[in-house]
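As structure tokens, the structure follows; a few thoughts come after it.
To keep things simple, chains are lettered A, B, C and D as they appear, and every chain counts its residues starting from 1.
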């Protein structure tokens, strides 16, 4: 038990270290970008008609603490970030945590739902692909899963949207119907949300499923060929027990292990799908911050939070593995 | 009877000797050739790459605004035919058309084709047309064209640019972006993964931590953040280079991990120890043992990571952060299908989409086939 | 005369590969009586494992059994035609009346399932025991094969066992359903010699206690000498010699068996030089015609050996040899 | 008695265990602990032990392929003398010409990407022993002929060969630089019996032809008995007994050697062997028992065995044994 606690603490330390590394990378990249927050905000102001002088920019810099050395700023940024405080957005002048708040969690929820959907499909399909001896079934499953790779999410999203516009007259876009957009959470709003959220979830799951099928298939093919499966069938274990209790169970570990990186891949697609489906509630900020307004504070905060979510998932999956897989447990506990 | 048997034995013997003296590369190729899907993929891929490289020659018009057909914007594809009501011709032809737009047509373009014999436009080969530079030399010969007017076999876009010409050009660009991206990622991966795998120990641990940290950052959001700051003043070519470089910079960690794993397994092979026990220096071991054993894996890795580079470029261009006119890329082409108008009225915009899907599929199949062929256990799995 | 427990006749197994059909086993016939231990000896590529797996229909799907092949299992006055068993009837040869232990005990236990869970699962499949009874019997079996603290070991995983303990657990598991025939595929090859001695002792004890028949597969003639009643020598998919263990080891008659004996370093004859069998074992892909051993045989008759497949000649009661030379000598004598 | 080629004194090889230890000193595997042997010039020296006995590590330490933690090891062939633990650069490279290794696994030891000719020629090229390609080819052919490799096979790749042929290629590579000392690590263990005899005979004839000194590492006592002049037995990193082959097999003194000998199954079905069966298994080298390392399995262990580690004592003509009770037990 003590060793397990030690492992948890060490693993948490590693996650923490990763986050710090990530924050440094993200922060540095944001810094490398030409222009800083003061310039950006004031140039935005000037485009609105205000008259801005160099002195104004300098004053704004001092106010934002941009005159301090790089590492000091990173330090204060990271300390605040760990408290969930990202300062104010460059352009919108609003507190980022408030701005993101619920929207971030909605995005995360959608991504996790896609991940879940992807594996709900991929695990049975991958297992069938790995164990079936029918070459036609195998090849067609392979082709379908490759199509998932070759047909990018945004194209699929687009197609679905266009078709639905033409044939149903509903764009299926957004996460809420108009009447619920700014309403408080209620049962109806939840229903409305679910009625609309399935599309982004489905689209994000599309290529995630293709990836997941490949992973499951490869892992299962490895496991199925192992001697312990032959030994089990020599003991009279047959059918589903032979499949689930033996290779499937042992392939599960690496799958759980890869969940964090799968989430990473889904996050990759999120902004693009959000853009097409005009997921204003969840994704617009991302697009807005990243692509439109060059808001480095906001962009940094979003990327940092996404990464934190992945690091968190990786941490959780490692702990789950350590709890469930005796081999991992052994290597930890010695 | 015995003679033929002897010949058989001889042939058999020769085949065997060929197998025995076949190098790893030849063996991989033999195994690769057995996979139909991968071979088809390779054929398609070769075709696409070649048509990308020779795009200026294979296409009739300049793919940029310079080559546009002012009189045929958003025009439907012209399909050459051999026969019509007026009889047949050995030379394929298309018809002349006349496009009008007025209040009667709701301000839409309406095309009237003139199907009379005189209005036929015959397809001609090796015709002179727009100038282009290939390998530093100026040319103006194109594979085909028509004797009068213009031919657009995939139709034209809203500015009158020939979609066929743009598509082939786009393949070229996307491949180039992918190549530069993969190359940069590969060089980084080789350096970082190589150092990590060759030295091992704490250097390895630290580098692994950094690689893992970089790997957790979702690349496209990061990429968007970076690409968004590309100054508007940059030329299309500079943007192109910059985007390829960014693609390479975010793509290295996965490759680096694989390089490291290969290196670690390879380094502990007994034949490497045998060379060390001969007193071979690190340089000799790397050159003679590590690199050769490595190349097959690296090629597989590169081929497999290529479609992801192309996909990333497409995604970026698609949201308008990537390449811009006059540079055509598949992403730019894909971006144009985003309006409902296209689906309803100008379906030929979707033609490049199929090229894109085919290109990615071809890469995936070839990569898969190569991986199976290079897998040393492929034989024992039978 | 009692019926043999299992009777293998003309077993021919080919594998479908990219290079066409590859013959792994050709016309192998042997019987095992109840309580008898038959040793199957051969080097790599001799097809001994393929033969053993055929008894449990464990060969991969690309294995083709020749139509003349038959494997008959006689249990409780019932004759079971193994090769035509439908998948649902295969329980009897898979852990029921026939059990198997493998060369690599580490790889034959699933790494994330406890030893006990493996054992209980098998008992639940093959008997009408409940979970508690199955666990009791499993612990009892673990104790019987000499595993200390069996109740604790029951809940451990294969990687927590040492090599010898794993093989003991494997034996305990194989015997828990009281099979009539135990197939032991190189059970001691992966073990150190002192551990091998322990396992052999254990197996000898268990044979007399459970009165079961064993098909013992190994490449080690010493192990054969110490464990079996009868021996069958395989070379490149063919049985070249079979007989009682004393007959075969003291009077090896087939040139291959003789060659094996001469090639084996013996502790009590340190001065005798080792005589290798010339050449290499041919690949199953180019199986020699005629007598399979003709490419390496020191006393080959030339063309006749290359063209004619020898039939079995009895040199003494129960001792059979497939060699043209022996055939001729027998005829002239 | 001829001069020793290799002399070790108290040779030890320790490896740190790589693992997740944040606190406290890293545990150490004492793979080889305090081994002292003499390997005479021109002898065939056998090293026997079960898995985990440290025999492979010892062999590699003599080739400087494993780090020597403590003790001394000297190589002396009459021309040169090297102190192995302190060998540096040039001397080390010179030593590599004189000492070579033959591996166990004939499949892993040959690079699949080089032809047989290139594999055998590699040491010559690396060590700069030949000046021209022709000279290299001549040397390769000579040695290939000696190892009974078909000269037409030189342009083939290793995948064309069976285990026995590969092992001959491996031997040719080790011999091409004309070394004086060869470590053969389980070099016949992976081979079938009918092939094994051939390779053993080849090794023996080459040793006599070229006047080589062999350190033959094996787990198989009967093979060692046949080919070696002198045998050393290792258990858990320690040398427990060493003697000329005849002497050792006729009168083993250490209880472990006795058990090892009696565990070999006899070819005679009626010879059940004199019962000397060992209980238990070899302990882990990370956590060896106190006192005599064999005491956990020794049927004769008494209190002193559990407390004090026995020293190697000289008990007769070149016959040493490390046991507290060998004298009583001999009676």
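Note that a contact is a pair of C-beta atoms (placed from the backbone, for glycine too) under 8 Å apart; a residue touches a chain by one contact, two chains touch by 3 or more.
Not measured: the values here are computed from a predicted model.
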item	value
Contacts common to subunit A and subunit D (chain labels)	B, C
Contact-richer chain pair (by C-beta pairs counted) among C-D and A-C	C-D
Inter-chain centre distance, subunit C versus subunit D - centres from mean C-alpha coordinates, in Å	33
Where subunit A and subunit C are represented by their mean Cα positions, the distance between them in whole Å	54
Centre distance in Å when subunit A and subunit B are each reduced to the mean of their C-alpha atoms	28
Touching two or more other chains - residues of subunit C	none
Subunit A residues counted as touching two or more neighbouring chains	none
Complex interface listing, subunit C residues touching subunit A	56, 58, 61, 87, 90-91, 94-96, 99-100, 102, 104, 107-114, 118, 121-122, 125-126, 157, 159-160, 173
Subunit D to subunit B touching residues, read off their complex	63, 65, 92-93, 96-97, 100-101, 103, 105, 108-115, 119, 122-123, 126-127, 153, 155-157, 159-160, 173, 177
Complex contacts: residues of subunit A adjacent to subunit B	14, 17-18, 21-22, 25-26, 29-30, 33-35, 139, 142, 146-147, 149-152, 154-155, 158, 162-163, 165-166, 225, 260-261, 264-265, 267-272, 275-276, 286-287, 289-292, 294, 296, 299-300, 302-303, 306-307, 310-311, 314
In the complex with subunit A, residue positions of subunit B that touch it	37, 209-210, 212-222, 224-229, 231, 307, 311, 314-315, 318-321, 334, 337-338, 340, 343-344, 353, 356-357, 360-361, 364-365, 381
Subunit C-facing residues of subunit A, complex	133, 226-228, 230-238, 241, 245-246, 249-250, 253, 325-327, 330
